[in-house]
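Take a look at these structures.
One chain, chain A, appears in both complexes that follow, with chain B as partner in the first and chain C in the second.
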Partner chain A sequence: MEKPQVNVTSAASGHGEKEEGAGGAVILFFILGLVGSLLVGWVLFPQLLYSKKRQPVDFNHDKHMELVSDGCESCHFFRPDGTYSGVPQLAQCIQCHEEPNGEDPEEVKFVEEYVKKEREVPWLVYSRQPACVFFSHAAHVKMAKMDCVTCHGPIGESTSLKVYQANRITGYSRDIWGENMLGVKRKSWDRMKMDDCAECHAGAHVNPGSVQTQKDGCFVCHK
Partner chain B sequence: MKIDRRCFLSFIVGGAAGTALSPLPWKITDDLSIWSQNWPWTPVPPAGETSFVTSTCTLCPGGCGISVRKVDERAVKVEGLKGHPVNDGGLCILGLAAAQLLYAPTRVRGPLKKVDGAWREISWADAIKEIAAKLADLRAKGQPQSVAWISESDRGTTAELCKRFLTVYGSPNYFRTPSIQDAYETALYLTQGQRAMAGFDVAQADFVLSFSSGLIEGWGSPAYMFRARNAMRQNGGRISQVEPRLSKTAAKADQWVPIKPGTEGALALGLVHVIIAEGLYRKNFIDSRSTGFDALKQIAGASYAPEAVSRLTGIEAKTIVDLAKAFAGAKKPLAVCGRGSGRIPGGLQEVLAVHCLNALTGSINQPGGVIAVPEPEYIDWPEPEMDAVASRGVQQPRLDGAGRDGFPLARYLLNRLPEAQTAGASAPVQALFVSGANPVYSLADTQAVAKAFSKVPLIVSLSSYMDETAAMAHYILPSHAHLERYEDVPAALGFPKPILGLSKPAVKPAFKTKYVGDMVIALAKAMGGPVAEAFGWESYEACLKQTLGNAWDTLVKNGYVVDAKFKPGEFETPSQKFEFNNPALAKLPAYAAQRAPGDEKSFPLTLIPYDTMRLASGPIGSPPFLVKALEETVLQQNTALVDVNPATAKDLGLSEGSAAVLSTPKGSARVKVHLFDGIMPGLVALPRGLGHTAYDKYLAGKGVNTNALISPVEDPGSGFEAGWGIRANLTRA
Partner chain C sequence: MDQQNGNTKKYGMVIDLDKCTGCGACMVACMAENNVPFREDDTDKLLSVSWMRVYRLGNGKPFPQVEECYLPRPCQQCEGHAGHSPCVSVCPATATDYDMRTGIVSQIPTRCFGCRYCMAACPYHVRQFNWWDPIWPDGMERMLNPNVSVRMRGVVEKCGFCFHRYQLATDKAYLDGRRELEEGEYQTACAQACPAGAILFGDLNNPTHAVHKIAQPDSTHGGRPRNPKAFRLLERLGTNPKVYYLSSKEWVRKAGDNQVQRTEQTPKA
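For the complex of A and B:
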C-alpha cells in the first residue's frame, strides 16, 4: 500500500524539469510530422501518382499548322453528320505520309512502324474523359463558336508532344486534374474537371442544358 | 530529451496537420472515386467511329424503316427511321432491343447436327451434302410430296426461293404460319375478287370500331398503327374497343365495350342488323357498287336483332343500337378485327361480318377504310423446268387439305398439319424445313405439335436462335441474324399502300451462318438435275439484285420504295361489284360463335390469352430488355400472373398475389393471381410470349406458354385456326 505514495512523491518532485524537456520534444516531433507529411504530400505523392510516358511518335503540331489551310479542323474535323473525328486515324495521315517526306527520325519511325505495318498509332490522349462523360464538340465549336485553345491550350503551336503523365489510380492524364496539385488554374485550359465545365457554363450564362427542359441537369453530360 | 508517448502522438498530430495541408487526401479521394468507376467488370463500350446504316426491320411483318447506329463495326442501337412512310421515326420495343438479339447467347454459331441426342458441329458443305442425299433418297422413292416447309411468310424473294425449291423438287407442302392475314385475304377475295393484302387507313378514319384488335399492342404493323391511331385521335376521331378485357388499346379508347369472348362476330352481325333496319347504310355504295345485299339482310335477320345479340354477347341492347348509329353516322368509319396482335386467323364468317360492316358504310378502298393492297409483283422469274417426279409430286393433295374439297378457300392451314402427321399409320411428312417460324412454340397445343414433329425423320431448322423448334431439329443450319443480311421486305402488314423495303446488313455476320436464301441455292445446287437448274443464281444477293432491278439503287439509298400515288383497284368479282353473296359465300356454313373447348363443369372459367407490346410472341423470342420491361402484374421472378376479376377471385377464395394452379383440358401451370377490374368476371387472362423452354436463361423458364394450355379449334367454313380461348379452372396452390 506504500508504494503508490512513493511514486507520487517522486513524480511531483521532478515535475518542472521533465515538463520542459518533454515539451521541446513534443514540438519537435510535431514539426517533424508536419514537415514530413507536407513533403510526402507535395513532393513524393505526385512523383508516385503519375507515371511518365512518351508518345509513340513525337508529333510536331506547329509544322503541320504551317502546311494546312483550315487550322485545327484540317485534321481534327467534323464528319458530315456532325460527329467529331477526334484524333486522326492512320488513313488520314497516309494521304501525305505514305513515304517519309523528310529525314526527321520521328517521321521515319512513324512510316516504318505504323504506315507500313498498317497499325493505328496508340496516341495517348491528354484530354480523354471517362466513358460516363458525354461531350459534344459540335455544340461547343459549331454552335457556341468556341475556339480550340479555350480548352486545349496552344497545343497547335507546339513543336513536340509533352510527356504524358498517366494517373496510376485512375488511368487518365494529369491534364484533367491539372499540373497544379491543388487544382488551381491560371488559364482556362489548365484543367478539365467537371467544375471547370460548370464554371464556364454558369459564368457565361450559356443556355446550358437539356433541349427539352432548358435546364441543366446531370443527364445533360452524364448519359 | 526523452521520447515518450506524447512525442509519438505529437508526431501523428503534426503528420495529420501536414497531410491535411497537402493535396494528398483531396486528390486521392477524387482519384479513388474515378478509379471506382473504372473497375474492369464495369461494362464500358469501346470508343470508335459512329456511323448509321439505313435498313428495314424484319423481326415482324410490320416493315418499319430502321437506322442502325454503329460504333466501328458494332451495332449499338437501332432506332426508327425518320421520314419512313410506315413508322416515321417510331419503333416498337422489340425493334429497339434488336441489338441484343444480334449478340444474344442463344444465337446458333454454326451448322449443327444432332448425333445421339447431342449437338455436334458440322461443316456447311457436309451438312448440305447429307441433307441433299436424304432428299434425293425421298425423291428416288417417289415421295417428294413428303417434304414440307414452314415459314412466317409466303412473299418476297426468300419465300419464293423456298417455294421454288419445293416445286421443282416436287412438293406442294409449303406452309405459312397462321395469322389474321389468312382470314382477311380470304374475305377480300370472296367479296371483292381481289387477291390482295388488307390495308387499314386508320390515320384518315374518323371512327374506328375495333373487335378486340390491339391497335397499340402489335396489331398490323405495330409502329404504323400506333402512329396512325394517334393521328386519327388528334384529328378528332373516336375509337370504340369491343373486347372482354381492358387492354391498353381499350384503356386508351374513347369507349370500351366488354363482350363475352368469342362473340365478336355476333355483335358485328347485330350492328349490320341495326344499320340495315334503320336504313343507315350508304345507299349509293349498296345500290351501285354492291350485289347480294338481300342475302346480307337475311343473314343479319331477326336472329341478330339487338335483344338477341344482347343475349349472345352480354352487351346491352341499347349499347348495340347506339354503337351501330355512331358507326354508321361517322363520315369515315372503319371496323377492324383480329384479336390482340392478330396471331390467330379466327373464324372466316366473323371477319366477313366485320368486313360487311365496312361495306355497308362504303369504307372499302376509300380513304379511311379497308384498302385492298395488291400483292407485290416484282418477282418475275422464269418458270422452272419440272421433271416427271416433280410434276407428279406437286399434283398430290396438300397435307393440310388447303385448297381442296374441304377447304377450297384456304391457302395454308398449318394448324391442321400436326393432326395429319399423327392420324395415320405412316407419317406423311418425312422431311421438314422450318425458317423464320417456331411452330413448336407458337401453334396451339404444343404437346401435340411436338408429338407430330417427333414423327418427322428429318427436321432442318434454319433459325438463327436455339428456339423450341430448332431444339427438336436434326440439323440446324443457322441463318444470319436480321442485322446481318440483305432481304426484301415486300409489304408492311396492314399499311394501306404498297411499299417495298430492303433489309441491309448493318454488320458483318458474327458467326458461321448462312442466309436462308443462300442455303436454298446451295442445297438446290447440291441436289443437281432439274432442281439445280432452277437456281441459276450465284448467290442470294445476286438473285435479289437481279430481281429488284432498277429499284435496287433507291432501296440501298433510302431503304424503301413506296407507291405514294397508289389508288386501290376496282373490284374483280364477276359482277365487278362488292358481293355480299355469291356461290362461294353461299356455301359457307352460317355464323356461329366459337365455343371455348372444354367441359364447363370441371372448368368453370375461361382462359383467354392476350398480347402485350412488351413480349414478342412470334418466331422471335423476347430479348432481355423486353423481359426486364415487363410489369410486376405480368411476371414476378419466374411466375406469370393471370388477370382475374376481383368478384371471381372472391368466389374462388383467391386474393392479390395468391399462388394458384391454372388448369385447362390441355394441362396445368402454376401462376399468381392479379386482381383486375378490367376483366370480365369468369375469365382468366394470360399473356402470350412467355413460358419458353428453349432460348437462353434470360427468357427460358419464365412464365407459362399459353399455347401449351389451349387446344386448336378449327373454323368449319375455312379450316382456319379459330381458338380464342379454352375452358379453365383456377385453384389455390
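For the complex of A and C:
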C-alpha cells in the first residue's frame, strides 16, 4: 500500500509541473487562434466577400458642382411626371463634352469611347436597391424637403469616384450594408438598409397606416 | 402630415355586371401590368396564377329563360372590422397588411414564406400560390414592368389595386406641390383596359368620386351599398370588401350572396 502512494504523489507533482507549461502553451495557442480568426474575419473575409470594380470612367463631382447652377438637381433631375432621372444619361453630357475638354485621360476616354460611339456609360450605382424596394425621391426631396447628403453623403464634394464593391453572394453594392462589417453607423449615409429607412419611418412624424404593426405600412417602400 | 390623417382614402371599385361582356381584357391588362407569371400549359386553374379572374355565372334555367353573367373578380380588399381582413388576421409573417391610409391590402412577396394560411382564410380565392419560378418567353424579360417586382416560387401573391400606380401618381403630385390625387390620376390597369367601361375605380370616401356616387356606401353599416342594384360578394361574412358589383338582375345579386338575400327577401315577399 505504501509504494503506490509514493508513486501517486510523485506522479501528481510531475503532472502538475507539466500542466503549468502546457497551460501557457494552450493560452498562447488560444490567443494566436483568436487573433488569427479575427484577422480572417475582419480583413480577409471582406476582401473575399466583396468584388472590386472601377467605374468605367472616373468622374469629378466637385468640378461639375462649380459649373452648374442648380446643385445636384442640375444633372440628377426630376422628370415632369414625378419620376427621378437618377444617374445622368449621355444626352445630358453631350452639350459640353462633344469634344474632349483638356488632356485628362479619363476625359479623352469618355469622349472617345462613349460620346463619339453614342454608347451609354454603364455606371455602377452605389445606392442601387433590391428589386422589391420602391423609393420615391419626390416624396423625400420635394415633400419632406430632405437634402441629398442625408442618404448619399457628401458625394458632391468628391473629386473622383470610389471603387465600387459588390457583395459576391447577393450582388448588392457594399454601400447598402455599409463600410463597417459590424454594421456600425456613425453618419446617416453610412448604410442604406431597411433599418435605416425605418429609423425615420417608425418615427412620430410619419403616418402610421399599418394595421399589423401600427407603423408605416409595408407597401410604402416595398413593391 | 397631420392634414393627411383627417383625409384617409378608401380606394374601391364598382363593377357593373350589366356592362361586362366577359371579354377578359381586364385579365390580360392585369397580367401584363403586374408581371403575373404563366406557364405553357396553364389549363389547371388550381395551379395557375391570375390576380383578376372573370367568372361565368348562369341562372341554371332551361333554354327560354337561360341567362348568363360574367363576373370579374379582383382582390376584394376587405376592410373587415378596423382593418382586420381575413388574410391579414392570419398572416404569421406580417407579409400582408391593411393600410388605413389607402384601404389597400398589401402583399409583400419577399416577406412571405408560403404557409398559405391567407389562401385558406380568403373567401374569394383571390390569393394564389407560385408553385414554380416564373419562366418568361425569350425576350419578355425586357417587357416586364419595372415598378412591380417579379415573385419567386413558394410565395403567395394577389392583386393590390395596382398600388405602384398610386405611388407614381403621388410622386407627380408631390412634384407639383400637392398631397391630394385627382380621381383620374390613379386608376388600375383593369379599369383602364375595360372596353365596356364596366370597371370604375376611385376613393369610396370621396363624395365627388364616381364609385362613391354609384355604390353609396353606408359607413354606419360596414360600408353596405345603399344603391339597390349594388351588392358585395359574400356580404354575410362581414369581410367588408371594397369591390361593389352592380346588376339589374336579381338572380345575379342573389348569386353574390345567397344567404343574406334569402333571409332579407322572404319577409318582403
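Structure notes:
Here is the rule we use: the second predicted complex is superposed on the first by the 176 of 223 C-alpha atoms of A that agree within 3 Å, B and C clash if a C-alpha of one lies under 4 Å from a C-alpha of the other, contacts with A are read in each partner's own complex, and residues count from 1 in each chain.
By our rule, contacts are C-beta pairs under 8 Å (C-beta built on N, C-alpha and C of every residue); 3 or more make two chains touch, one makes a residue touch a chain.
Worth saying up front: this structure is predicted, and the values here are computed from it rather than measured.
Applying the stated contact rule after C-alpha superposition, one finds that A:G203 touches neither chain B nor chain C.
Once chain A of one complex is fitted onto chain A of the other, the partner contacts of A:C132 extend to both chain B and chain C. In the superposition on chain A, A:T83 contacts both chain B and chain C. Judged by the touch definition given at the top, the superposed model places A:G102 against neither chain B nor chain C. Measured by the number of chain A residues touched, the leading partner among chain B and chain C is B.
When both complexes are overlaid on chain A, the residue A:V26 reaches chain B alone and has no touch with chain C.
In the overlay built on the shared chain, the residue A:T170 is in contact with chain B alone; chain C does not reach it. In the superposed pair of complexes, A:L34 makes contact with chain B only, with no contact to chain C. Shared contact residues of chain A with chain B and chain C: 81, 83, 130-132.
Residues 18, 21-22, 24-38, 40-42, 45-46, 49, 81, 83, 85, 89, 130-132, 167, 169-172, 177, 181-183 of chain A touch chain B in their complex. Residues 1, 4-5, 82-84, 88, 91, 94-102, 104, 106, 108-111, 147-150, 160, 163-164, 167-175, 177, 179 of chain C touch chain A in their complex. By the touch rule above, chain A contacts chain C in their complex via residues 78, 80-83, 130-132, 134, 136, 138-139, 142-143, 205-213, 217-219, 222-223. Across the complex, chain B meets chain A through its residues 1-4, 6-8, 10-19, 21-24, 26-28, 30-32, 34-35, 37-38, 44-45, 47, 49-50, 52.
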